[in-house]
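Each of the two complexes below includes chain A, the first together with chain B, the second together with chain C.
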Partner chain A sequence: MAEPKHGDSVKVVTRDKEYFGILMPRPAMLGSEHAILKLDSGYNIGISNKKIKEIVLIKASEPRVRKKVPLKKYPKLPTVLILSTGGTISSKIDYRSGGVSADYSAEDFVEMLPELKAIANVRASKPLSIMSEDASPSDWSLIAGEIAKEIDTVDGIVVTHGTDTLHYSTAAASFALQNLGKPVIFTASQRSIDRGSSDAFMNLLCAVRAAAVFDFGGVATCLHATSSDDYCLLIRGTKVRKMHTSRRDAFRPINEKALAKVLADGNIEVINPHYHKRHDGAITLKNSFEKKVALVLVHPGMDPGVIDYYLEKGCKGIVLSATGLGHLPVNNRKHSLLPQLKKASKKGIPVIITSQCLYGAVHPFVYTNLRRVSMEGGGIFAEDMLPEVAFVKLAWVLGQATDYETVKRMMLESVAGEINLRHLDDEFLT
Partner chain B sequence: MMDYRKLGFRCGLECHQQLEGKKLFAESPTLNSGAEPTLSVQRRLRPVVGETGEIDAAAAAEAVKNRSFTYKGDSADVDLVDLDEQPPRFLNHEALKTALQVAKLLHMEIVDEIQVMRKAVVDGSNVSGFQRTALVAMDGFMETSQGKVAIPTLCLEEEAAQKAESSDSSVTYRLDRLGIPLLEIATAPELVDPEHAKEAAEHIGMVLRSTGRVKRGIGTIRQDVNVSIRGGARTEIKGFQELRSIPKVIAFEIERQLSAIKKGEKIEPSVRKAEPDMTTSFLRPMPGAARLYPETDHPPVAVTWEMLASLGKVELLSEKVLRLESEYGLSPQLAKEVLEIPAFAWYVKRFSRVEPPFIAAVLIEIPKEMKSRLKLDASKLRDEHFEEVLSYLDAGKIQKGAVIELLSDAALGNNMDISRYAAASSEMLEKEIDAAIASQPGLTIGAYMGIIMGKFKGKAEGKVVMEMLRKKV
Partner chain C sequence: MAEPKHGDSVKVVTRDKEYFGILMPRPAMLGSEHAILKLDSGYNIGISNKKIKEIVLIKASEPRVRKKVPLKKYPKLPTVLILSTGGTISSKIDYRSGGVSADYSAEDFVEMLPELKAIANVRASKPLSIMSEDASPSDWSLIAGEIAKEIDTVDGIVVTHGTDTLHYSTAAASFALQNLGKPVIFTASQRSIDRGSSDAFMNLLCAVRAAAVFDFGGVATCLHATSSDDYCLLIRGTKVRKMHTSRRDAFRPINEKALAKVLADGNIEVINPHYHKRHDGAITLKNSFEKKVALVLVHPGMDPGVIDYYLEKGCKGIVLSATGLGHLPVNNRKHSLLPQLKKASKKGIPVIITSQCLYGAVHPFVYTNLRRVSMEGGGIFAEDMLPEVAFVKLAWVLGQATDYETVKRMMLESVAGEINLRHLDDEFLT
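== the complex of A and B ==
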């Protein structure tokens, strides 16, 4: 008789008992001391393998066939492409087989969210399937390339993505998609879509709505604004950051207001009108990113050898997430980074200064120690750019230019709304 | 008397008991406070495609209502875990220990590795859309007057949120109850008649209380009764206010089904609510098989040998009553009542010169007498009052009769002044007895007893006075 597989109905015979149920998969990480059985009651239990005498196959599982209803196309509705790249919003496990059950076709999305039918003709593709902590600059290039390839055929694009490095990818797309004339809306979820309470549903609905109808040409995120399922915020792709490990409203605008609210009922209310409108101009794709770029957190007692390491490794540029207004150790003999800054300067390696405060801008002159960083060390003070955005931007700039002065000039110019020189009172902690 | 066997009577119980301590998957205390809510969020729930690839009918029906749910709470006992804004913390170890102790008391087989599951809930009573639940033990039994009753399952799960208001478009829940550890114990449908159901419920309650870790008070334990008869349909009855009403509610439900059968009506399986007048009213159709998925945010919990060894031996309250009866010579009733006073054993040890039955009487019967005869508020008495009075007794500073006088003083808010009740000397007693016999000669011993005891009010011991009287009358 065949060896029972996951999903099969089995009888587990132990020294003193027989159990009936479905054999479940067990992640290797959990060790192999127990077999998992789904009882008829629906509960799973772990049975010690030491006790098991045999597992008898009762009935092999049958592959599930799902019928897909082809979608009708409504000529009057806008067309939106959903690009799936992975992440929690795409995490849907088949608890019988342990595999991922959905392939994220347009039909899957519409089945999950029937309301989409009234908003747009949905198309879908899945260029990537990764958790976002695994994303790398080559993935940013790939996503931007897919968007550029498809954008002329649709009214807007939604990119689903993992939350962890979402703000790196939105920054990358913001820089790579020059002269973008349509909405490219990134969305994600903090709860997987196999639970009824998932934030994915409203996030996706609002994102598709914004991609379909919002008069916006650019890259923005669309996720919960509050802990309630009431509305999402559209936040510029270079001014957004994940600020909480688990809350639905983790994505916050930093150093400027969100662009707009997308309400659950479909209305869009503009908050901050400083963005480009839709236009018919041709997109220019600039999706090469220099991979030898580092982002380093400055901290008390840090080993300056960390910077030496990057310089020796042939790093083309470094972003420092400095303290306060852009400080780093300069007077402490053991920990001063000034020698490393000077070394980088001499080599023509740009060192970008940002603040780990996140809120507010850095300043090259306020304190003597800041002047030592900017004037002696040649640090490039990147205004109110978030450290992660500066990191992505530096990789992008170095992908377009290598000359130090050009790189410096480009880093200090706002290319995609990443630098704001005016800051308003009500932008903090919102 | 109805012959339930002939009717094809089938009946099983499901008991839900809240546990003391922290919430099951969060560090929040479990207060059941009912305090004015300070936070509020609104959510929606969607039907999700289940394991079979189809949306559950009940979930779909709920979704059609397109209701929104409002969750209210107070940060004293609600945190981000309750709001489904933070993953669960590790399963509350104390609650698991209590569950394992109960499993042992019910002769159950504890599973080798506990898997936390998500049970899909569509009415909004769980913010996450599911209730976390784990099967801890299987296949136990309990002894009853009608023989063994099988206990197929013991689950440790999260309590649901409590409904506060509801309308067509929205439901409001309070979150203080959400996440309180709950033990669910199910019996097999082997209960032979309504009285047997009550006995089984009482026995399970006693087993649960024996751990000393369960919550007490209204709503902290709930019994659901499943009943059916031949030709009828399975009915789940919820919402019993007290165990006493179980037999009557079941009897009425059987009568309802019998009369429906007689009229040729079809009886649908349903969930019904026990009303105060012992009848039942329709709540909802019987839900389908529970939809359970693994809680992927929590690793499985292997039940180790060390865990089992640390459980210790829990003495059943029923055994403890017997022990108190035989060890201290208490009446069954007194033994049962004194169980509720944890300090009793300690008092017995500390005040070794006072006989244990009298200590029990001081704790139980004297306060009752103060209430009924003296119309005093005995609930004002605190542990320190009992301790003080017992220490005077132990030191021989007062007679037993002075106890009620001193406790009455304490209940009235006065200090205990033992000088007022200092034991009368035998000379004084003898003098008074002589005087009483001289002034009213020819009375019975009982009559003289009454006169003397009235005069010395708590300062004389009845036994001593009686002996003196016997010699003189």
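== the complex of A and C ==
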């Protein structure tokens, strides 16, 4: 019998115990003294070679053979394009590293999930294949460009994406796709699609359903609403945030209600009707984003020099994730950010004030210190915009305009539902 | 009749309308063309001088006379010390600026809230008077020092504090006060105490009650649990965060349940019994915090040079608020942070990985990119610690130890309940 290789199912026999799992490569830092086994629970354990009496091959790993079957078209069904960009939803376990990385494309989704064919005639395209922590503003431009190129040929578009920076990308698409008249639904998964427990299948089914039939012209996310597989939420692309590292229902609406539920049976129930309906107007693509924009977290004892650093590097705009209603240190001799705000103001560099609380709006007047930030420092208070959304928006606004007053005016206007002045009591932590 | 002055109640008569409110000083940037009036709603309006026909004095502002009545002691009641440090709970409207700034002391609280005398013999001290956005690590040291000095003379301590950085300060006190055997309860208010709608009164009553009688040796916050005045929550000082800019129930437990409810009738109902009880052991004060620590928000398109900036400035430790399970850009040619992580690692500078999701834990192995951060970059994955708490803890750990391995070990041990490995399904967004 052949020597067990990485990726094979094996039994590891030690003096005290037998372990069943998949043999993994040894991370370099652990040296060669341990065998690494991925247990059925998904966790890896290291077993000292000294303890191992035998490693028995149970089943050799099989190279995955991908069947490429051309997608068939059905009359009368809506047409949906799935743009896959990478992320966990496109991922499988990589036996070289034991980790997970992006591989599957939209065509594979249709193979794995034939139910999709009952919802829509699905077309597939794979403009990108990255994990979303590696996404940058040039990827936002690329994704928006692909959407604008294809939107007239379909009834709706689904974008599959990594979860990590999904809400940055949905905000970017929301701003870049002006006068969008069809649904552009971003979906993702928290567990890789090659696992039985993956949330990818329901998310994809609901997203394709929403793209096919929902009467909506705009950008939204579609992911699990709860930790069960009961329904998904459609959340506006500028009012959504990843609020949990691992739960299926990690994506939550912030500072407004979700737009609608997509039920497992395909029905869509509207929750918050404040959105644009489908229309035939032509889309305007504005997908240029200024790259020299910073997003800075304000904290006690922070070094004001970091703002000088950005100003000296030629940064064109700064978003501060401030505390509470938009506070910064202003009276603390060592940590006051007021001198930096004044310097930015003098240079015509907009400084946008948001809150690290995430929920609720900032306000330039309630406290004496807030007045100093707004009046002396020229801070632009971005209402109830999330820090991430204000960051994406500032990059976008600076891609369209450079005049300070125009930038300020655009930042304070709601372009894609990113500012909500009608807060309801039951929106908090839902 | 005298000319109305700033702070006076007035009626402003224009051609079309009469406005009632308090006459405010004109912000310099508005020039002298407008009169500013604070309406009863709390909002300010500007009225063009050209439109004003008359300003009629209704009631002149009265200088506030403070009665200092020495606090009386009752036999058998527990003794509670209120340390006031500033914040909205100590604030009143400042007619010079029209904003709110810190003024009231703990003794004033007892004057305003005589019910406190039925709960405890209250002593008062005012070691600080700042708004908490101006707080810095030296203030954390000062507050912890005051607590350590007084704790043996009382049954419990209440610290009143601003809300903005309250959770940074409670984390600091949690680490600095080792082997704390009595309750140290931080409270605050979202609306100033001179307003009828202030949340200060219930928060103070519940906090003093908890400090007086709760069988708890540790640091917790005590603030409104809901937007009504029904009860307060005691939340562990290392597992609490300000999650809303303005709601009374802004402070929420993250990644574990609140410890207990303090009901309006004074009863305390335990929710989560995983805390230390009161004990007579001696407190150990470890209140030195390293000041050169940075907390950096990771985002798409970020400039890796900001990490070089901190390293070159002699920063002793960096906390990254990364995405998802602890991701950073690692494969993006322009934005990868791996070279900076390797540089820090080479210099022996610890880089702590937390998640901007806030809820949930980070993990160094699930994804290939995470392995690169942990194995190649040496990132220290801080379990389910909040980014802010990891920042405060790193400053504290570096105040106690400088050896890299010791720092790493201490960061990964739960010193004050800041790491919780027993997550429950119903802890999310509560």
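Keep this in mind: the second predicted complex is superposed on the first by the 346 of 430 C-alpha atoms of A that agree within 3 Å, B and C clash if a C-alpha of one lies under 4 Å from a C-alpha of the other, contacts with A are read in each partner's own complex, and residues count from 1 in each chain.
What we mean here is this: a contact is a pair of C-beta atoms (placed from the backbone, for glycine too) under 8 Å apart; a residue touches a chain by one contact, two chains touch by 3 or more.
Everything numeric here is computed off the predicted structure, so don't read it as measured data.
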Ask   = Which holds for A:R247: it touches chain B only (first), chain C only (second), both, or neither?
value = both
Ask   = Which of the two partners, first being chain B and second being chain C, lies in contact with A:D194: first, second, both, or neither?
value = first
Task = Using the superposition on chain A described above, determine whether A:E33 touches chain B (first), chain C (second), both, or neither.
result = first
Inquiry  = One more residue to check, A:K17. First (chain B), second (chain C), both or neither?
reply    = first
Request  = Using the touch definition from the top, say if A:N44 reaches chain B (first), chain C (second), both or neither.
outcome  = both
Query = Touching A:E111, do we find chain B (first), chain C (second), both, or neither?
reply = first
Message = Between chain B and chain C, which one contacts more residues of chain A in the superposed model?
response = C
Ask   = Does the superposition put A:V362 against chain B (first), chain C (second), both, or neither?
value = second
Ask   = In the superposed arrangement, does A:D230 touch chain B (first), chain C (second), both or neither?
value = first
Remark   = Shared chain A footprint, chain B vs chain C, residue numbers 44, 94, 101, 227, 245-247
Message = Can you tell me which positions in chain B touch chain A when the two form their complex?
response = 41-49, 51-53, 59, 68, 80, 83-87, 109, 111-115, 117-120, 122, 127-130, 133-135, 138-139, 153, 155, 289-294, 296, 299-300, 302
Note = The chain A residues in contact with chain B across the complex are 17, 24, 30, 33-34, 36, 38-39, 41-48, 51, 64, 66, 93-96, 101, 111-112, 191-198, 201-202, 226-230, 245-248, 264
Query = Along chain C, where are the residues that touch chain A in the complex?
reply = 27-29, 42, 44, 88, 91, 94, 97-101, 130-137, 139-140, 163-165, 168-169, 227, 242-247, 249-250, 252, 289, 291-297, 299-303, 305-306, 309-310, 313, 321-332, 334-336, 355, 357-363, 365-371, 375, 387-388, 391, 395, 425, 428-430
